[in-house]
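So, here come the structures, one by one.
What follows is chain A paired twice: with chain B in the first complex and chain C in the second.
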Partner chain A sequence: MQERLKQKAIQLLENGTVDRILGWKTGEFFYDLTPAVFTTREQIEKDFVFNVFSGANLSKYLIAESRKGGKIAAFIKPCDSYSFQQLLKEHRIWRDNVFVVGVQCDGMCDAAKLGDGVLSVKEDGENLIVETLYGEKTVAKADALADRCASCKSKKIVIFDELIGEQGEETENDRFGEVARLEAMTPEERYEFWRGELSRCIRCNACRNVCPACSCEKCVFDNANSGVRNKAAADSFEENMFHIIRAFHVTGRCTDCGECSRVCPQNIPLHLLNRKMIKDINELYGEYQAGADMDTKPPLTNYTVDDCEPSIVHERGGL
Partner chain B sequence: MQRVGVFVCWCGSNIAATVDVEKVAEVLGKEPGVVFSTNYQYMCSQAGQEMIQESIAKYNLTGVVICSCSPRMHENTFRKTCEKAGLNPYMVEIANIREQCSWIHKDKETATEKAVILGRAAIAKVHLNAPLTSGTSPVKKRALVIGGGIAGIQTALDIADAGFDVDIVEKEPTIGGKMTQIDKTFPTLDCAACILTPKMVDAAQNEKIHIYSYSEVSSVKGFVGNFKVTIKKKARFVDETKCTGCGLCTEKCPQKKVPNLFNLGLDNRRAIYIPFAQAVPKVATIDADYCTMLKSGKCGVCSKVCTAGAIDYQQKDAFIEQEYGAIVVATGFNPIKLDNYDEFAYSQSPDVVTSLEFERLMNAAGPTGGTLLRPSDGQHPHTIVFVQCVGSRCDDSKGKPYCSKICCMYTAKHAMLCREKYPDTDVYVFYIDVRTPGKNFDEFYRRAVEEYGVHYVKGMVGKVVPENGKLKVQASDLIGNQQLHIDADMVVLAAAIEPDKSARPLATMLTASMDTNDFFTEAHPKLRPVESPTAGIFLSGACQGPKDIPETVAQASAAAAKVIGLLNKDHLICNPCTATPDEMMCNGCSSCEKVCPYGAITYVDKEYRGPNRTTLIRRVAQVNPAVCQGCGACTVACPSGAMDLKGFSNKQIMAEVDAICR
Partner chain C sequence: MKKIAISQLNTLFAAIAARKTLYIPADDGAGSAKFTVWQEGVTLTDKLNTVRSAKDLFFPQVENLVNFKVEGTKIDIVENRDAAEPFVVFGVRACDCASFDILDRVFLSDPVDTFYQTRRENGVVITLACSRPAETCFCGVFGIDAANPAGDITCWMDGESLYWRANTKKGEQLTAALDLADCDGSAVTAQQEATREILKKLPLNSLDLSDFKDQKLLDVFNSPKWAQLSESCLGCGTCTFVCPTCQCYDVQDFDNGREVRRFRCWDSCMYSDFTMMAHGTNRPTQKERFRQRFMHKLVYFPNNNEGIFGCVGCGRCLQKCPIHMNIVKVAKALKEELK
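Showing the complex of A and B:
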């Protein structure tokens, strides 16, 4: 797969379709692949990487890249394509300046699931051959899948100019199972759960910076004028409000790409907050997947006569 | 820093009895920026207003906080007061310590504490207030009346009389509404048709009135003075401009077994029909549910017999767009369905009828030609039992909690008419109370009892059982303290009335509020009874609450007066509290544009200076302040907080919340 992508990248550069390529290269560690822009054949041959760790969603980078002039090609996996389309819907990406190469995805792996002392990983069909400090071992790829990929919502690439590999379908999975488990808790238990999880937050802002839905010109948390910035710190336990405000801000626009949880250095399951919102929207306003198409009106910025009445909050045991 | 004056009103004892107004004034006087604080018995009185004006001059106030009743009540009063004293009217904030404090609390200490907090929030807000200036918007000099019953007709006639164009949208093929089905009217017993049909004709012939019959409102956009309405003209498969109303088609149509809804299904009509002889417009309509031509493509009789060539089987629903300055809701009522009242055997025997069905059975244009005959066997009934309050004054689970208001009087009318026409009939009326407040109403009821010998029995009917062609009625007589068993020939149920089903979706379109029973809510139950709280929407007739004909007509004319007052103005003063985007923070995402109910937001690509002498093109929101109504939906939808509302900025709201939580 990596070779096919490299060849396509070189071809697009050399036939003049684009002048830049957005892909991945190795970061600090071999499993820590980082988005990168390539402009020459040499760079691509040397640094371009695509493997089971190419989890990073490239869509958000296109907001800035598409405005730089010239044209850029980006490799977009199925779940990234939802983010890409959602950003198009919000007029954030200049479509004319982007060439989208859809890439089939069989799920990305989580290096943490491979154990300690991992030196390198090779793909071998359904298995990964893992070289560690303590010798070589074989791990089934299915066992090393990132959580978000284990409950993948769709293998379908919803928007592309060209496709590499097979087009997939939306998948059935239990991605709301964990949310349902949290909903079943008593409010006290749930509060304790989130206090526990969020107590680890170091406010590095990685979740916000990576989130394709968090693409404001100026984030309310960076804006002294917004009146929200200091509210995030209103409680001694400030991360409460930061993450809750953020979850509300992306509600209806979050495509559930799971990048927030992937980049969290403290392994906080932030995606659960967003999934709770998605689950609620589905239940209150009918099934809605952000970014699935260009036309469906998002339920929270659209009004229909059938919308649930506010009293539903009471019926569901809310305030 | 603003120089704020605080004025705490007692509202007589309305506030002062529950809130320690002196203490509120004293505590708020110590808030930052407050240079003067006082309390007074009636702040809205002339003396109170003069006190405010004098204080503005004396203390050089730049902001005023008035702790009083709801801003709905007196915000405008106090804005004008301050404007006269040279202050911008938008430098006034109201802390509602009456409706939201004194009226809902009993404990003086906690109520006082709350009043202080509410005052503090208003002070925090006024610190961030900025002077605002109102613009104006033009008024479209045309009114829409939704519903063509007696209420809608009267409203339309009065508006037209004042010289304004008015459109009536009626969902049925003819205007006239419920009154067309009624036989005689209380308390004068003149015939409904005799007094209604001339008005229908007046409406049809008035060149200022346009009637959209067999039509519905499908969407409403805009705001007071500038509503944009789409009217759906349902396909009636007859060209209205060609049909002469000769009625030949309605005689020749071979489909004879269509329940006649005008007679409430008591007889049949054809698939093509004119509801009744005096219908306006007198135009035939094809019932698509029954027409064989429309269903199977075979027939076409009406088309063949129509000499005017008016039949058009291909006709489609048409949509008409029209602009209005004001909208009047006159959607009326319906009797409730009696599914929950099987004890009265309504579904078991055709001789148990509702009062409206009874009207048809008494009506000369009804299925029996005005002779009272039992629906089951066409015989004269000799014993008739009337049951009042069927579904009225009931618990919510079964019927309606309210009194339907008209039933006592029409039942007295029915009983009286029966006795007059057929003196050999025994007439019983079972009631909980007889309510007859109205001019000449009680005299009318007493005549039924005293002159016509109607048996009024206080008590309810428990059960009606059809048996051997009779209706066995079991009832209690509370005054005689006995059980009654009556073998009746007919039972007439005074079913409760409820708002027409079309009212709820319409209220949603109009953003007009309704009560729990789906009656439209008035802006003030006593002082603004014909206006909806939504500006430019007016209420006429039973859509606002149960009403008899005299009351309906009075309210219809009142609503018309309000509409005329509005349409007489060339311009309306706009609310200056409009949305305004911070372009530098705008993402261009269109969320605000999508939620704007008024279409006030557009987007433009604008050039901005980027770093290093570069130029950036950014898509940013623009608000048309003449169209914006300041609802604030966009400020909530905006993810980056770029959209803000003048007079209700995010910062102001946050400052209020902070002040409350302090």
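Showing the complex of A and C:
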């Protein structure tokens, strides 16, 4: 796969289709890839990598990249393609300046699941041969699969100019299972659960900054003039509110790409907040998947006579 | 040298906690470790290090500085510092312990930061030698010996015993109050030798930073490499918040109409409003913000501090940066420039 991507990148550069390539760059180890822009064959041959650790979603970078003039080619996995299309729908990316190469994805791995002291990793079919400071071992890719990939919603690349590999389908998944478990809790238990999880937050903002749905030029929480700048919260509850507000802000636009949970240094399961919102939208307004197409109207910004009434809160057992 | 059986660890912690608040690294229930107040039931993690460094105990993320109470035309200044209680922190790794030397240079030089100073005076640091470093560790680059950490007391642990050596007066005082058996240092020496063999194999431990020590400030600053290095940085500040040596803070006022609470909180050079001034910001894009973090650690800090770098090689930024950009990659890329 990696070779096919590299060849494609070189071809697109050399035949003048684009002048830049957005992909992933090699690191010190096998797993620490960095999103990067390549402009020459030499750079691509030397540093371009596509492997089971190419998890970083490149779509958000295209907001800035598509405005720089010239044309850029980006390698987009299925889940990234939903983010990309959602950003198009929000008029955030300039489509004409991007050439999308859709890439088949068989699931990405989480380096943290490989154990400690990992020096290098070799892909060997369904396995990873892991060389560590403390000896060599074989780990099945399935065992190292990132959590978000274990409940992948779709292998379909919803927008592309060219495809590498096979087009996929929406998949059977259990991504709302954990949400249902939380819904079954008493309000007190649920409150405790979230207070506990969010108590670890160090407010580094990685979740917000990586999120393709959080694309404001300046976040209200960074703006000294907004009156709600939030470098330090008055108490831990205010800190928790940041996450709830963020979840509301991205409701109907969150594609469930899973980047927020991937980047959180404190392993806070932020995706559960967003999935709760998605599940509620599905139940209250009918199935809706952000980023799946360019035409469907987002339920929260579109009025229909069938929309549920505020009393739905009471009907569902709320106050 | 003293020792105590691992099976007695809980008794040891209880004895320390009976005298002072004790923090130990314990599992956080989400796959990582954090410094936790010891009480019955809290056990030592087997993780190498905590996500948040031991810095937090001396320089917390948020703290009150002072209150101003306004009545008519009268303003009262009200002290509202956190109660400065004495504490012991156990299980600090060599890298984090070395970070205190760096923080001391900042906070204890004139004008002395009395908030930090009080915590340093009140805290007893018990370090724990590493025996199973991670691939991201590179403390050796900074002359830190993971097998022989500093601190008021140094500990080593093997399957059977915890070995204990007091290094300072504070350490000796605490030791005298505890029930520990005497022993020779042979087990410790054996473990140190084994650890040092592993440390030699650490891929990043051979990084040579000597190129940065000379007066190459402008060469580094003006390097064209910064544009590429910073291009995918999210500006999230994760690297600065998990870093044991990052020391920047912001002072802000919370005004409720009758009272102003002045507090400080960690800040990050990666943020757009960092060191905002009346005329705006002097680091308008992420490139300049990103450059600041690494210039500070690799060039400015050593230039002002007898060549000591503002990094202890703990590897946290390598593990936690969402895009895997970090001080090692930056240093390696810039080194080529300096040749």
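As a working rule, the second predicted complex is superposed on the first by the 301 of 319 C-alpha atoms of A that agree within 3 Å, B and C clash if a C-alpha of one lies under 4 Å from a C-alpha of the other, contacts with A are read in each partner's own complex, and residues count from 1 in each chain.
Operating definition for what follows: contacts are C-beta pairs under 8 Å (C-beta built on N, C-alpha and C of every residue); 3 or more make two chains touch, one makes a residue touch a chain.
Note that the structure is a prediction, hence the values are computed from the model and not measured.
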| item | value |
| --- | --- |
| Superposition on chain A - do chain B and chain C clash or fit | fit |
| Once both complexes are placed on the shared chain, angle at chain A toward chain B and chain C, C-alpha, multiple of 10 degrees | 120 |
| Partner chain in contact with A:H91 - chain B first, chain C second, else both or neither | first |
| Partner chain(s) touched by A:V210 [first = chain B, second = chain C, both, neither] | second |
| Which of chain B and chain C A:V139 touches, first, second, both or neither | neither |
| Which of chain B and chain C A:K218 touches, first, second, both or neither | both |
| Touching partner for A:V37 - first (chain B), second (chain C), both, neither | second |
| Chain B versus chain C as contact partner of A:R200, first or second or both or neither | second |
| Partner chain in contact with A:R67 - chain B first, chain C second, else both or neither | first |
| Chain touching more of chain A, residue-wise (chain B, chain C) | C |
| Partner chain in contact with A:H249 - chain B first, chain C second, else both or neither | first |
| Shortest CA-CA distance in Å separating chain B from chain C in the superposed model | 8 |
| Where chain A meets both chain C and chain B, residue numbers | 218, 231 |
| Contact footprint of chain A on chain C as seen in their complex | 28-32, 34, 48, 51-52, 61-62, 132-135, 198, 201-204, 228, 231-232, 234-238, 241-242, 250, 252, 254, 263, 265, 267, 271-273, 276, 318, 320, 322-325, 328-329 |
| Chain B - residues contacting chain A, complex | 505, 508, 584-591, 594-595, 597, 603, 616-617, 619, 637, 639-642, 650-651, 653-655 |
| Chain B-touching residues of chain A, taken from the complex the two chains share | 67, 90-92, 215-220, 223, 225-228, 231, 249-250, 253, 297-298, 300-303, 305 |
| Touch list for chain A against partner chain C, complex | 27-29, 32-37, 56, 61, 112, 116-119, 132-134, 196-197, 200, 202-206, 208-210, 218, 222, 224, 229, 231-234, 262-263, 265-268 |
